[in-house]
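Alright, structures below, take your time with them.
The same chain A turns up in both complexes below, where it pairs with chain B and then with chain C.
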Partner chain A sequence: MRRLPTGLLFAMPALVVMTMLIAYPVVYTGILSVTDADGAFTGAENFRDVLAARVTPKAFQNTLWWVGGSIVFQIILGTATAILLNQKFPGRGIVRSIAVIPWVVPGIVAATTWAWMFHTEFGIINYMMTSSGVADAPIGWLTNRHTVMPAMIAINIWKLFPFVAIMVLAGLQSIPNDLYEAARVDGASFWDETWHVTLPQVRPVLIAVTLLLVIWALNHITTIYAITKGGPANLTLITPIQIFKLGFEQFQFNQAAALSVIFFTVAMVIVALYIRFLAQGGEIAK
Partner chain B sequence: MSQAKRIALLTGASVLSVAAMSAQADEVTWWTPNFNEERARELVAQFEEEHPEITVNLEITVTNGLPERILTTLRSGSAPDLIDVQHPWVNGYAQNDLVMPLDDVLTDAEDYNEAAIDYVTWNDQLWAVPYRIEAMAVIFNKGDFEAAGLDPEAPPETWAELAEAAQALTGDGKFGFAITGGGEVGNTIFRSVPFVWMNGGDLISEDGTEAIINSPEAVEAVKYWTDMYVDLGVSPTSTLENDGTANRRLFIADTVSMYQSGQFDLASIAQENPDIDIGVMMQPHPEGKDPASILGGWSWVIPADAENPDEAKVLIEWLAQAENMGFYTDTFPARVSAMDMPRFDDPMLEVYGDMLPYGRPLPNHPNWVQISQAYFDGIQRILIGEMDAQESMDLAAEDIQALLD
Partner chain C sequence: MKRPAIGTAAIYAGALLLVLVCLFPFMWMLVSSLKELRELYTIPPSWIPKNPTLENYASVLWESNIPRYFLNSVVISVGSTVLAIILAVFASYGFARFRFRGKAAAQSFVLVGQLLPTAAIIVPLFITLRWLDLVNTYWGLILVYMIITLPLSVWMLTSYFRAIPPELEEAAIIDGASRVGVLFRITLPLSLPGLVAVAVYAFVTTWNEFIFALCFATDSSVKTLPIGLAEFTTEFNTDWGSVMAASMIMTVPVALLFLSMQRLFIGGLTAGATKG
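Here is the complex of A and B:
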């Protein structure tokens, strides 16, 4: 009898743990998605039911807004902050520490705090706006259909742009000074330097960070669930929250599993496309 | 170890083991929610005195996540012998053979609140013994009524009077009548569905085959209720964020003059703002019709695979005696004769007692949670101004119909 290769033997314990932690839940979700509550096989029925519900396309649409809106501003604001923090100025250390606070605050704490700040009746934002005369009457930030999703996105941006800033800052500090010196010899301005030296150099970092942000935004639940639970009238219902509500509030575990499978597939396609087309040459993302 | 000590230990151990054995034979495990704990302990002590052959093991539960916990234990095959559950859950257990019929225990159904019996009846059998019932009414601030020139002793009775009073009470940062538009779905169900009922409508037809929430009567009621915020502006700006607790807080903070709630709010209002002269009125009804309210409350069930169902039945029979039930309930007893107890003779509770005969059970349907969510989404669409009542309820009816088919 041939012995198992030593390498495989060493990897065995880790493989077993991986199987239990990753493969089992994935397979189980797959099984749940094609069976009913009693475990009988139902084929595509759960998929049909969940796709037929009006909230499903709406949640998808909301998810796109949520992910797109969050990422664009997180990247722009984060990169700008990184460039700023990379300059030499007095008190830089303190500013750098303060800048990471939003990222360090636990998600549920941040969400609750923002919910109170946005509150129509007791919120500090409305208080400041009405007392300074900017607004005549309190604004229902979390209940007006034009402001509630932007408010959620704003919280998400606030929460995660420091992460982008730290990553980009690390990337900036690894750029050799010679490049800037060479550019300055050629008469480059600050904007030329930023555009032609800095950004190309941190491109791999930005690509990796964007990918992370996309995945996080797609999986996000805390902020929105803690503040609006997806309401009012499903205006902030994103797909992960729909899955959560289907499963744990409405006990439709099989439909929730079906939606998870669909969502997983879509997310995988997005990530694959992203890596295929945008991340060419971005070594980190591969 | 000395000889004496060893003997003492041995005797102790054997006494314990004998006790354990006899306890196992006639031992009832009873799950009760924490708000009942103190009274349950007292009743258990009394019961054990009268029935020395039965030992009762109390296990205290918390309402948060309780439905899931009970469902798990009922499905697991190792359930306790007696569980306190909310009325609306009973039917689902009965349909899935998770609990025992209790017709041999509850033999005097005519002494019980009718709606409570309806809740626990399925397939012509009784599946639980209801012990606690409650219905919402409208709590109001008598001082505000006087300040607005209204008579606090003659609060609004009809919808027209309610709207008029609410408008008179609104102004100077005060709101006349607070409705709920946020929080858990149940908050809005409990407050708005009675209005639909009063007007002759419902969410689904009685046989559970048709969504009828877009019928003219239902839409008119939904419009009346949501107009408190949308059209009349007598409900706070934060309505879409508010649940029942938020409304109570606004009432305590003197921002709201009237809001719908149960008798469980009275104590905390009196404690947190003793200056408010609290009044309670029946739910106002459409001209010439009756008030309505959703009947809430709790029942006892015996799981289908309980180990000692016979002893559990003895315990339920004892607990269901009028004076024991009247002592045990947090609000009102399900038994009509127990209402005579002095405990319920509080003028503040009078209106709540008057509301009880108008209490109705929620519709029973396996997809009820999703149905109520679809209705709640419809209410929110109206409140945020996305649609009018008819359009929104048409959509809700479409969603609900899909859940019924």
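Here is the complex of A and C:
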């Protein structure tokens, strides 16, 4: 018998564990999605059932809002924060440490604290808005159909824009200084510098970070589940929560698996399109 | 070059706003946790507790399951961190130092683990754990958290190992040391900062995780802190003072750990992202 290569031997334990606890469940999801509770083959029945449910398209739509709304603001605020933290000013070190706090606070703690702040009667946000005259009456942030999803998105933005800031800041610090000096010789303003030097240079970081944020947002259940469990009236029900409820509240494991397969496929198509689109864009830019 | 005054003012205004936005919810958590029950539900709310009290902390520590959940969280987080690190050290060393057929495929396989949606694997993972009789056990949660932290741990450690010159190891090998001996006596001590960074990442991720714990730990003997926190909130009645006190108890240890290791951790995380 040929001996296994040394490198593979080192990697083997991790690969075996990953296969057992990742690859196997993935394959198993596929099997569950085409069988019934007794394990008999049912073809596309689970898929038909789950797609016919009224909440499914609603959940897809909510998921798109959730992912899109979160990411746009996370990227804009994160990049702005990184540019700010890259300036020299006294106390910069302390501000940098404080800026990572939202990211470090456990997700469930962020969710409950914001739920308390958004409280209709006793919440500090409504108090500040009514006492300053911004709002006439307290707003039911977590019960009003127009505000509940934006409130969830706001929490998600607060939680993750520091991560964007950290990554972009690292990118900013690797930009050679002579690029800025050349721009200044040409009389560039702060905005010219940002637009023509800084942003193009951190593009690769922004691309990588956006991809991560998309995956995380598609994955993220904690904030919404902890506060609204997908309600009221399914207004914040995103697909991951629908899968979770199908599986662990209604014990429809096979339908949950079918929805997982659909969700996984759509998510991977989005990720693949994104990578492809940006790879092409990168070629043109060169 | 000197900055115009308006630029300096803008920087200070921006920094102040940033600090307020990031710190305010945390401060409000602290303030609320120190208020008496009556003061918590007073309008207008007070910015500083009038009669600061630790009664919320006392009720969390002596009348709830939180201490037990704290212990569970420590056991599970430490266990999964140790296991993830051991597996990641060997795998990363294999990836960083050797060429072998299928290495690229193996590396991407490990990374894909990071991309899989939680929702897509949670049902089969639950069934697998049930089959292994590991639902509601420390081991079940330790295994689950180990695999979700493994991909990024391997990724970070591989780049740390690559940064260490192989010549240092070659000298020891000529002197007759084994590969594993070299790894433990030369490579690991040199990559200690990286190791610490990965450990902090794995620990904090496990400590904060909510959904897997919600599904795989339904018995209070293994429930973790995030579940305990969610249990305070019921549909009709939430004891906000206790929730905020429990939130502080849960946040402060990881925040301190993270802030003390911040440089190492962020360095490790960004090293991979900016090299490409």
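The rule is short, and it goes like this: the second predicted complex is superposed on the first by the 258 of 286 C-alpha atoms of A that agree within 3 Å, B and C clash if a C-alpha of one lies under 4 Å from a C-alpha of the other, contacts with A are read in each partner's own complex, and residues count from 1 in each chain.
As a working rule, a residue touches a chain if its C-beta (ideal position, glycine included) is under 8 Å from a C-beta of that chain, and two chains touch if they have at least 3 such contacts.
Keep in mind that what you see is a predicted model, and the values were worked out from it rather than measured.
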Which superposed partner A:Ala53 touches (first chain B, second chain C, both, neither): first
Chain B versus chain C as contact partner of A:Val271, first or second or both or neither: second
Partner with the higher number of touched chain A residues, chain C or chain B: C
Which superposed partner A:Glu121 touches (first chain B, second chain C, both, neither): both
First, second, both or neither for A:Gly140, with chain B first and chain C second: first
Contacts of A:Ile98 with chain B and chain C, given as first, second, both or neither: second
Which of chain B and chain C A:Pro106 touches, first, second, both or neither: second
Which superposed partner A:Ile221 touches (first chain B, second chain C, both, neither): second
Overlapping contact positions on chain A, where the chain C interface meets the chain B interface: 119, 121
Touching residues on chain C, where the partner in the complex is chain A: 1, 7-8, 11-12, 14-15, 18-19, 21-23, 25-26, 28-29, 32, 40-45, 87-88, 90-91, 93-95, 97-103, 106, 109-110, 112-128, 143-144, 146-147, 150-151, 154, 179, 204, 207-208, 210-211, 215, 225-226, 229-230, 232-233, 240, 243-244, 247, 250-251, 254-255, 258-259, 262, 266, 269-270, 273-274, 276
Complex interface listing, chain B residues touching chain A: 181-182, 236-241, 250, 255, 369-370, 373, 377, 380-381, 383-386, 395, 398-399, 402
List of chain A residues in touch with chain C within their complex: 5-11, 13-15, 17-18, 21-26, 28-29, 32, 80-81, 84, 87, 89, 91-92, 95, 97-102, 104-110, 112-117, 119, 121-122, 124, 127, 131, 158, 162, 166-167, 170-171, 174, 184, 190, 204-205, 208-209, 215, 218-219, 221-222, 225-226, 239-241, 243-244, 247-248, 253, 256-257, 260-261, 263-264, 267-268, 271
Chain B-touching residues of chain A, taken from the complex the two chains share: 52-55, 119-121, 137-138, 140, 142-145, 231-235, 245, 249-252
